[in-house]
Amino acid sequence: MSITPTEREQRVLDRIDQVRRRPARVREERVTLAHGSGGKATKNLIEAVFLASLGNPLLDRLEDGAVFPVDAGRLALTTDSFVVSPLFFPGGNIGDLAVNGTVNDLAVSGARPLHLTAGFILEEGFPIADLTGIVASMAAAARAAGVRIVAGDTKVVQRGKADGCYINTAGIGVVEHDVALGVDTARPGDAVLVSGPIGAHGVTIMLARGELDIDADLVSDTAPVHELVAGLLAAVPGVRALRDATRGGVATILNEIAEAANVAVLVDEAAVPVQAPVRGACELLGIDPLYVACEGRIVVVVDGAAADEALAVLRTHPLGAQAAVIGRIAADPPGLVLLNTAFGGTRIVDLLVGDPLPRIC
Amino acid sequence: MRFVDEFRDASTARALAAKISKLCEPGRHYKFMEVCGGHTHTIYKHGLEDYLPDNITLVHGPGCPVCVIPMGRVDDAIHIARQPGVLMTSFGDMMRVPGSDGNFFDSNAAGTNIRMVYSPLDSLKIARQHPDLHVVFMAIGFETTAPSTAMTVLRAAEEGIDNFSVFCNHVTIIPAIKAILDSPDLRLDGFLGPGHVSTVIGCRPYEFIARDHGKPVVVAGFEPLDILQSIYLLMRQLRQGRAEVENQYARVVPWDGNPVALRAINAVMEPRPYFEWRGLGFISHSAMRMRDRYAGLDAERRFDLPGVRVADPKACQCGEVLKGVLKPWECKVFGTACTPETPIGTCMVSPEGACAAYYNFGRFDRRRVREVSRA
Amino acid sequence: MGDRMCLGIPGEIIEIRQDRPDLATVAVSGVKRAINIGLLADDPPLPGDWVLIHVGFALSKIDEDEAAAAMEFLEDIGQSYVDEVAALRESDID
Amino acid sequence: MSITPTEREQRVLDRIDQVRRRPARVREERVTLAHGSGGKATKNLIEAVFLASLGNPLLDRLEDGAVFPVDAGRLALTTDSFVVSPLFFPGGNIGDLAVNGTVNDLAVSGARPLHLTAGFILEEGFPIADLTGIVASMAAAARAAGVRIVAGDTKVVQRGKADGCYINTAGIGVVEHDVALGVDTARPGDAVLVSGPIGAHGVTIMLARGELDIDADLVSDTAPVHELVAGLLAAVPGVRALRDATRGGVATILNEIAEAANVAVLVDEAAVPVQAPVRGACELLGIDPLYVACEGRIVVVVDGAAADEALAVLRTHPLGAQAAVIGRIAADPPGLVLLNTAFGGTRIVDLLVGDPLPRIC
Amino acid sequence: MRFVDEFRDASTARALAAKISKLCEPGRHYKFMEVCGGHTHTIYKHGLEDYLPDNITLVHGPGCPVCVIPMGRVDDAIHIARQPGVLMTSFGDMMRVPGSDGNFFDSNAAGTNIRMVYSPLDSLKIARQHPDLHVVFMAIGFETTAPSTAMTVLRAAEEGIDNFSVFCNHVTIIPAIKAILDSPDLRLDGFLGPGHVSTVIGCRPYEFIARDHGKPVVVAGFEPLDILQSIYLLMRQLRQGRAEVENQYARVVPWDGNPVALRAINAVMEPRPYFEWRGLGFISHSAMRMRDRYAGLDAERRFDLPGVRVADPKACQCGEVLKGVLKPWECKVFGTACTPETPIGTCMVSPEGACAAYYNFGRFDRRRVREVSRA
Amino acid sequence: MGDRMCLGIPGEIIEIRQDRPDLATVAVSGVKRAINIGLLADDPPLPGDWVLIHVGFALSKIDEDEAAAAMEFLEDIGQSYVDEVAALRESDID
């Protein structure tokens, strides 16, 4: 019954083999440079943190690219990087923001979101627990939006070369109707709508930084608008352009419309929905809610004749319950956005030179 | 919002506008200066001029504290920010004011650390949190803001915080108004007095305007109806042949100002013999500096400043705009070489600057738009 | 952080900080912030009072009577205008 | 002939209108936070820097997503973030690296690269001239690879929150054949090839940092391998798996094969092509070229019977001129990569725990 | 590569292997210790054991300077790195050596700045480039590396650089070999002498091994043929009944070492009374510390070190491995709880550690693989 | 930066730095680096000499005669082995 040293050695090797086939675990509490090296630590991070939450048959293969079938038709492709600070804020975190942001860009391109990619840039020292939380939020947001994350990438940079975690998401979607959307198609007589109260995301982020010591009962409006958009496009002919009013806010979108279509956009200040605490914070800080980012609000340009119908359809969806017609397109003066103020005067709404609220997305 | 929304009511505005029109004497043209940039901002932001008859012109005054900071002071601030271990803090308005080699954002892009704060107290807080840094607060503003700086200095002194100092650029409004009244090329019919300055200094300091210059003054609030009502009150004085100081903004402005605030300023600061105002040149006793007692908290003494006087850019006509002699669009570079993106003068930078307010909010043909709006 | 240092905004005093009587919580349209009320030391505000907030300090107490008077003045003007316009219309119709 | 003040004002307004329609220009020498704000500065940066180089009908529209038609079939989708330091290095820069990297991931997925997205994270203070140079390289690389960048995004973070410039590229491609590639399909008897000498990119980057004071006549191997791959797939049946040997090098890819297919990979050290200066630098620093990143080299697993043909086909393309058969797949011991050393012994080639060369891509 | 490739020739290896086999006395088992971790690395990296007959066993010795650093010293280094303004530099090997609360990478993840350097001179260069930082060089190594540290200290002193210091952990090889020779549980037939240490100390210091212990010593080079030849030379001595010090690596190792290097060490460092070796415990006169003359460049004196002795983890059998008593795979945690990813002992960290070398390169059934390779 | 501090690598001296005679450029397989040759001060190397490089220092000069002797020894062994094997084969055939 005695065994030789060679047999003993072989038993050890077999046991090691078993150990190596155990599910990956990340033992570290923080991200180290090794997690970005491409070796075992990277493999563990990918398997234990990313695949554990985001796993699906395409992603699990960990091939260089995800390969999947599509029908003939039109596709939409988009990308956004997310560098929001703080990473966690009332109503969400960088993870669901990154999923919703790209889902929304696909949705407002007129597409049904299909697949997403996710690229992480992590700072050495970033807590693994925070990363796990972010990835879990991404998984939940992807599930809610009916998309899968099918390809990913992780880089780790030295401490002081990032701010915890940056995420890029790119996405493709299928355009299942034949409307050619575009801000350049706006024409005089069209109506301009927003899908709900504006500015909650930007203000929430600014307050979440804590530097201003301002408290408000306010959460980010981050949400996926693909259903809202799909409902609108299915029910209302005459939709000309859709945009999600993110960085730069509604004012920036309106300027993009005015410039691209060479029309005037006339907005009625009193009609623009703004929540009280958003307004309060903006007054306190001297900023204009029209320029503040939303992450679940869309601007719709629609044939004037279909404005009421569009409004009614938007309002059937919870995300559009407070939708409003905020203005209309005119021919003159071309290229300008004009606001009829609540006070009864008129003024320009121009692009800002810079934003008083950095890093809201 | 209480005390805000009720002063933005459009139907009351129409009523006031009608009253104002009635007070106009046929053929006479009226020119009122709103001294304060906050008023200028309100006027354009709410489209208030749409309510005024053509023969009333609002002339924008020198009361934008950002606009009057000369280039040399911006350069000095950047010089301080460049010292190792310095974190400079400033109100957001200052970030884009051009110095002779770029603004604060450019300076940050080149390596300094200049951060926006909401309050001077936030600067002090940063100093407490970062004992390894020296935190400088770039103090600007009229008497409205000087008490906040003074209170912050008093607090820093009390707490014995020594990694904090103030780069004091506070200016005072009366010498500026005097300079304008002494200027030969301007005919004004009255003044909208700066409401927020008056919360501190009260209304009496304007009495010389009525008494010595025979011009009515109405200390005005900052909502559009406040301004419209103040114009009405000015027109009424003129119609009645009076020249008095009236207080439209009595809900906020006590006739005698805020004595606590005045004491705080006086404890910490003293008048400078003279100070350079952008576009206006040197004006005697027009600014405050830190008293000797607080030398340790005075950035001007802690850092060796170049203190170079930098001439305004040749094309710049900010002085004329600040004195109300030129309308913003009358400046030769307005909107072409000088825009909010590429400001030549400070008036194009601060949201309270006349050029910026007109460019951002008012730059369109009012008549044409009125037609469009009615279509 | 905003771009308008000259801003003055009305806010309601919600409470005075026990440990720091120069600090108060003010509410502006549902938003709360601690501000310094040291400049009102001669006549400190109480919860329910409204103050004018400027760069983190309460600069003055808002006088409710004066505000009411101003509103009355404005409403009177508004009313007289409505009356006049109505009178004008009627005279038109006739 | 005298004109009224109102007419004079109108003339000024008209002139302003003309000025505003002039082509965008970036006057700043460095990136400021305003360039990431979503306002005018962002617009100028996008138009004057990005569109000027990368412009194409899909990107120029600056819509939320690029919409384009596809035929029914299989698509590949992939993403990578690039955080290489230094940004400029002998043989390339982060711009062409970012394009080639994603083109290559599509290529080794068996796809013809079609469209790319580009997400930039810029650090406050980054020189505009460097950015312009990087974007020009991206444009050239995209042209060379026959792809277009159809959607983009730019974020600016505060000084000290990045390292100049990070780029994410995502890409889609069309799979135009019916081979199902995958490292899990490797089987005993297959041959393993590399398309050329390994490790030049990683060593070049390490030397380009300057910290080691080592000089070598060496340039990065960054290159788009889509043609090489297309030629191979068209000519040789029996290709089982393709991978580009980037972060983690050839050794990491071989381990992925061994693990995914549960096979042994037997490599012949003497057969692995390594340039002399790569070997010299590795010897000096005590690192193994097998783990050093390449950015234009692929690992091919092919039916053993087709190995010679595959080698011949690879060698017809300039990027494959020095291709080599480096090993073979065996059944036993499963999950391990074994190296027959040039000295005639045998050893394991395992995944590294961490990489001695951070931020090579 | 000259002096490299010619010493890696497989056909010569086959010839040497045949010669070695012929020297084996039937039924006798031979055990040789390679003292140096560099040899261990070469043996596994090139698969050298494939050439040895079954009755020759190579036993790995204590000559891996990373492996012998006790936990307490790692903790001390991290303690220094945590001081404000400190940049710690270290050879790459040290980065993953576990202290009682994580390794250098973990410490960096938690906020320190510990960077890898190729040479101590690179540390000094960083100190010159960053006068605002204090740069510490974590010096480890046997007599091979000590001269480089010494030269760097001399240079720093000459240049008067005062933001630089050395955390000296240099150890000496002879006391370690003595400790092994004194250990009762090990029977060895001879030693492969550490070639690189000998470039400095020469070959004489090993003479006591031959003389007093009757064991042959061959100072060996680091290419696989060097080692194979050295084994051949050991076998030949045994066969011929000799016990001498031979120098296989004469192309690099002078019999008397490098006097300049020895003088440099002696100028800067002096022996410590005792020093703790991981797994081996305290060994007298087994390490070097900085002389008083260079106190200003001595991190141990500039920083207040905890200097706590941390017991090795219970499971750790590194001591037995370092003494050659256990083969790596005989440690109870080898490859399961202790892997290069989750090292319990230092031998699993350094590429020159026996456990790491065996785990990374040698962990497979040689017989089975030989069959496969032939298939 | 590598993971093997104990490494010693042979390199050829390309030139001695004029201004810093303790520095030399060495070449290793086409790669060049400046190294410190201060430890060889007793018998400084010249261009064309080979040295053993360790952590940025030349630790010793490589003795070409000794290297040649070692090679000769190894080649002899190799040759004798080839002869033996050949002899063996021949004896097999026969």
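Letters A, B, C, D, E and F name the chains as they come in the text, with residue numbers starting at 1 for each one.
To be clear about the criterion, a residue touches a chain if its C-beta (ideal position, glycine included) is under 8 Å from a C-beta of that chain, and two chains touch if they have at least 3 such contacts.
These numbers come from a predicted model, not from an experiment.
Trainee: Walk from subunit A over to subunit B along touching chains and report the minimum step count.
Mentor: Counted as steps through touching chains, the separation is 1.
Trainee: So using the touch definition from the top, which pair is joined by more C-beta contacts, E-F or D-E?
Mentor: Looking at contacts between chains, E-F has the larger number.
Trainee: Please report how far subunit A has to rotate so that its Cα atoms sit on those of subunit D, a copy of the same sequence, as a value between 0 and 180° in steps of 5.
Mentor: With C-alpha atoms aligned, the rotation comes to 180 degrees.
Trainee: Among the chains, which one keeps its Cα centre farthest from the Cα centre of subunit E?
Mentor: C
Trainee: Suppose each chain is reduced to the average of its Cα coordinates; what separation in Å results between subunit D and subunit F?
Mentor: 38
Trainee: Cα centroid separation between subunit B and subunit F, in whole Å?
Mentor: That pair's centroid distance is 78 Å.
Trainee: How many angstrom between the C-alpha centroids of subunit D and subunit B?
Mentor: 53
Trainee: Could you list which residues of subunit E touch at least two other chains?
Mentor: Residues 1, 4, 9, 14, 92, 105, 116-118, 122, 225, 340-341, 351, 363-365.
Trainee: Do you know which subunit A residues sit against two or more other chains?
Mentor: As it turns out, subunit A has residues touching two or more other chains at 32-34, 40-41, 211-212, 279-280, 283, 285-286, 353-354, 356.
Trainee: Do you know which subunit C residues sit against two or more other chains?
Mentor: Each of 1-5, 7, 9, 28-29 in subunit C touches at least two other chains.
Trainee: So which chains actually touch one another? I want all the pairs, not just one.
Mentor: A-B, A-C, A-D, A-E, B-C, B-D, D-E, D-F, E-F
Trainee: Within the complex, which stretch of subunit A touches subunit D?
Mentor: 17, 20-21, 32-34, 36-43, 61-83, 104-106, 108-111, 115, 117-121, 150-153, 155-158, 160-163, 166, 168, 170-173, 175, 181-184, 242-244, 246-249, 252, 256, 291, 293, 335, 351-355, 358-359, 361
Trainee: With touch defined as at the start, can you tell me which subunit D residues reach subunit B in the complex?
Mentor: Contact set of subunit D toward subunit B: 8-10, 12-13, 15-16, 19, 27-34, 40-41, 44, 124-125, 159.
Trainee: Mind pulling up the subunit A residues that touch subunit C in the complex?
Mentor: It is residues 211-217, 276-277, 279-281, 283-287, 356 of subunit A that touch subunit C.
Trainee: Once bound in the complex, which stretches of subunit D touch subunit E?
Mentor: Answer in residue numbers: 211-212, 264, 266, 279-280, 283, 285-286, 330, 332-333, 336, 338-348, 350, 353-354, 356.
Trainee: Quick one: which bits of subunit B touch subunit C in the complex? Just the residue numbers, please.
Mentor: Against subunit C, the touching part of subunit B is residues 1-4, 6-7, 9, 11-12, 14-16, 18-19, 36-38, 41, 64-66, 91-93, 116-122, 140-141, 144-145, 147-148, 151, 195-196, 199-200, 222, 225, 229, 248, 250-254, 258-261, 264, 350-352.
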